[in-house]
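Each of the next two complexes has chain A plus one more chain, namely chain B in the first and chain C in the second.
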Partner chain A sequence: MWPLISVTFLEGVRSRILYGIFLFAIFVVFLSIIFANFFMQDLGKVAVDFNLSAISFAGLLISASLSVNLIAKDLDKRTIYFVLSRPITRVQYVWGKYLGLLTVFLFAYLLLTGISCLVLVYLKSEYVNYFGSFNWLAYLQAVYFDFIKIMVLNSIIIFFGVITTSSFVNLLFTVSTYVVGQSISDVIHFISTGRGQESLAPATAQLITVIKYIVPNFEAFDFKVISAHGMLVSASEFGYFTLYGIVYSVIVLCLAAMIFKKKELL
Partner chain B sequence: MSRRISYLLGLVLLIALHLGLYSHTFTAKGELDKKARVNYVLPAEFSRVAALDFQGLAADFQLLQGIFFIGDKIDRQEKITALDWDYFTRIIKAVIKLDPYFYDTYHFSTGMLTWGSGRFQDAIDILKYGRQFNPDDFRFPYHIGFIYFYFLHDAQKGAQYFEIASKIPGAPPILASLASRLAYYKGNYTFAINLLQRMLSAERSPEIRQYYQKRLTALQGALLIEKAVQKFKIDFLRLPDSIQELIDKKILETLPQDPYGGEYILLESGRIYSTSKFANAPQKKTTAGSTADVGE
Partner chain C sequence: MITVEKLVKTVKKKQLLPSRKTILNDVSFRVQEGKVISIIGQNGAGKSTVIKSILGFTQPDSGTLNLRAGTTLGYLPENPYYYDYLTLRELLWFSASSFGMKKVDFPEKAKAAVEQVGMQAELGNRLRTFSKGMTQRAGIAAAIVHDPDLLIFDEPMSGLDPVGRQMVFDLISGLRDRGKTILFCSHVLSDVERLCDEVIIMHAGEVRRHLTREDLVLAQKETEILVPLSAQVKQILTTAEYRFKTFTEHLSLYVETDKINQTLDFLRRKEIPVVNVQSSAVTLEKIFYDVVADKEESCGL
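Presenting the complex of A and B:
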């Protein structure tokens, strides 16, 4: 499986799209230097918002461009036959592709975090009195959880990738899952209020309750707002949220591997 | 060769045309937008969901929208209508729901809604909401206490909030004794001057600094005259007949200028007030319960 991981990694880092996304993210990171100046006191918070959003958005763009095309390209260009003719099982193929993708993301996140840290060091030294609530650990905490989010999102991309051969359909399914997953906790909260119970039919409310267990709760990995204010989660919460991301991804990948095992490759 | 020159010439002409069109469209669109300003703020319940996992960034941009909206009007010395303040309040209430920890929102809105528009209850509501999320920040109860005491003349509630603020680690030591001395400070400009100086020292926007500085200068002028009145009272065992008498008796060297263009007047109580009511003339009529209350 290692060769597959390294090939996927090399294929990813050689992609021109990746560098385009890098340039865009770095531009947003540097934009934080200008935008922070528009604010009065919490300059650190605004700078962190910009930097974290740039990293997070870059992660989403890489997923939507690179990851979505990964399996579709193998099927389209028939390179999958070459891979599967080697002593690699279909299950190993799914896991190898996924882990290879994660190494690409790890590379991207390390690079972007490094650059954003340099910008933050500069801003912090320039406006030392306006970085009161800033905390490096909290910043890295938000990046870490964003990586977990990307980990879950990519497992879903792999899942839809083995179901459909079209990268566009995969993208549509993935975006829908991301939007639903990101807003599901707000919807659940709405249902729990009196207004929500009145306006929704009981069957709809039950359907949403079922969906909440199927769709990942992406909001659980969004620590950008609290991290921008220097707040840290407890060790138990840290472990719990990480475990949730890992368990969900493993389940989705196991399902993807099962489906791919039975899939007829024409 | 001539073909290349005419090509370059054409390109230069096109660039010049582009620059002319750009500056025209920029100003013309700005004017059109002003006429057709919808002043609609997306409800926080919607923008929270629509912002996906970029809520912090959405809050930054929405606050910036509020700062630019009011800041631009202050900068141009335009009339700020009740509808404008409604719009501004809606923006602030949406921002605090997106990011309730963002202190800039409270800092800016409290200053504007109290000193600028006299919407004291809105300012208190916003600060009380923020206090739920920032219980360890003394600035929230401190500002609530100030509004109750200084603007709403409720010394009891003011003292109550100052006491809460004084117990929070990091609060200035003066707050501990302030609660008990509120009666003394009632209507005293010193108190407002201290708060304005605090706000000014934390303010980075030149336009807003100028706005606070103007009020600070006006109150410092009033305080200077009040102190002279007190000295006159000790020396002559009566109140002066007019402010001019303070100058005649050499207690006051020169009369300070009210930056709002009004004239300082001596009230029967011995307090000093201004005919400008410490507010810009165009804003005076539109701001309900305006800052005219300050010196009462």
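Presenting the complex of A and C:
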């Protein structure tokens, strides 16, 4: 599996799209220096939020451009024949591609976090009074959970990648899952209130409850606001959300591997 | 080394009403160790499907496929496309390391592989800069870098210029001399005829002929004697165990060229008139065209 992980890593780091996204994210991170001046009251919080959003957005863009095409390209250009004629099983292929992607994201997140930290160090030294509640650990905590979110999202991309050979359909399904996953807790909150119970048919409410258990709760990994206030989550919460992301990804990848094992590669 | 028995494969037809199309029908053959075997046939005959079945890319509906345990395999796909962001060295390393080759052994093996395909100068270059022929040769290098026991090449000559084709021909020839087992598909019949110990001719998903080298050599050394058609002549030739083929007005008798005088004496003794004597000049190409034209008995083979 290692050869596949390293080849996937090389694919990621040699991709021109990745560099485009990097440049964009770095541009946005540096833009926070200018933008911070517009918000003199909450400058520190805005800067943190701006930097975290840039990293998160870069993660989503890399997923949409690089990850979505990863398996589709192998199937479309028949590179898969070359790979699977080596002693690489289909299960190893799915895991190898996924873990290779994670190494690309790890590289991207480390780089972007490093740059954003430098920007924050500069802003902190320039506007000392506005970073009273700033906490480096809280900042890194938000980046860490964003990485966990990307981990889950990419397992979903791999899952749809083995089902469909079209990267567009994969993107469509992934975006739909992401949107539902981002808003599902709000919807659940709505139907649990009196107004929601009145306006929704019981069948619809039930369907939403089922979806809640299938689609990952992406909002749970959003720690930007907490981080902007310099707050840290408890160790148990930290462990719970980490475990949730890992277990969800493993289940989705096992399903993907099961499907891919049966896939006809004619 | 490979045993294929009664392989059947159907696929769904893309039609309004669901139906299935048979793409492999009762395909059976054996690939013996150290032999070079080629599968030939028209496009859509089922050659690539057989190879993909052997490699496990597709599951047959019925039949069995056995590959000797512990066989290391090198495969060149048809129209290969590799990760073009890799250099040739990285591609070879991917191939070699997935077969468990150690880093310390790699430089020597990589050098040997690229030398065989004439790409020594390209090791550090990215695959995206390669032409179609170079990509094909890079694919062959990736297939042989780990020194496999069995090589499966799907159209290895495709996309190559005459020099490249000769190089692949020499390469397969060299691998054969080193005792490697090679199974390959090709449309270049003259090369197949010169290289192979056995030739499988597929048509419409079926194995129509399985020829050995002896069959081909014999076919080339045969002479065709035409005699008038009659039940009595047919009876005499059958009793004497001659190989013949019945046409509407005559019988064609196939004999080895060095036995021609002996046969003519026999016919004279039996008072069978000879209409014509001609070299049959049966080439693989002729056999192939007969099979494709669905002639049941091609040249007595």
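Things to note:
Everything that follows uses one rule, which is that the second predicted complex is superposed on the first by the 266 of 266 C-alpha atoms of A that agree within 3 Å, B and C clash if a C-alpha of one lies under 4 Å from a C-alpha of the other, contacts with A are read in each partner's own complex, and residues count from 1 in each chain.
In this text, contacts are C-beta pairs under 8 Å (C-beta built on N, C-alpha and C of every residue); 3 or more make two chains touch, one makes a residue touch a chain.
Quick caveat: nothing in here was measured; it's all calculated off a predicted structure.
In this superposed model built on chain A, chain B and chain C occupy separate space and fit side by side. Looking at the superposed arrangement, the partner reaching more residues of chain A, out of chain B and chain C, is B.
In the superposition on chain A, A:T79 contacts chain C only, with no contact to chain B.
In the superposed model, A:I21 lies in contact with neither chain B nor chain C.
Of the two partner chains, chain C is the only one that A:I88 touches; chain B does not reach it. Of the two partner chains, neither chain B nor chain C is touched by A:L70. Shared-chain residue A:L123: touches no atom of chain B or chain C. With chain A used as the common frame, the shortest Cα distance separating chain B from chain C works out to 34 Å. Note for the complex: chain B touches chain A at residues 45, 48-49, 52-57, 59-60, 63-64, 67, 99, 101-104, 107-108, 202-205, 208. Interface of chain C with chain A (complex): residues 11, 49, 52, 55-59, 73, 75, 77, 79-83, 85-86, 90, 93-95, 97-100, 139, 142, 152. Listing the residues of chain A that touch chain B in their complex gives 35, 37-42, 45-46, 48-50, 52-53, 56-57, 130, 133, 149, 178-179, 182-183, 186, 190, 218-219, 221-222, 224-226, 228-229, 231. The touching residues of chain A, counted against chain C in their complex, run 2-4, 6-7, 10-11, 14-15, 77-79, 81-82, 84-88, 264-266.
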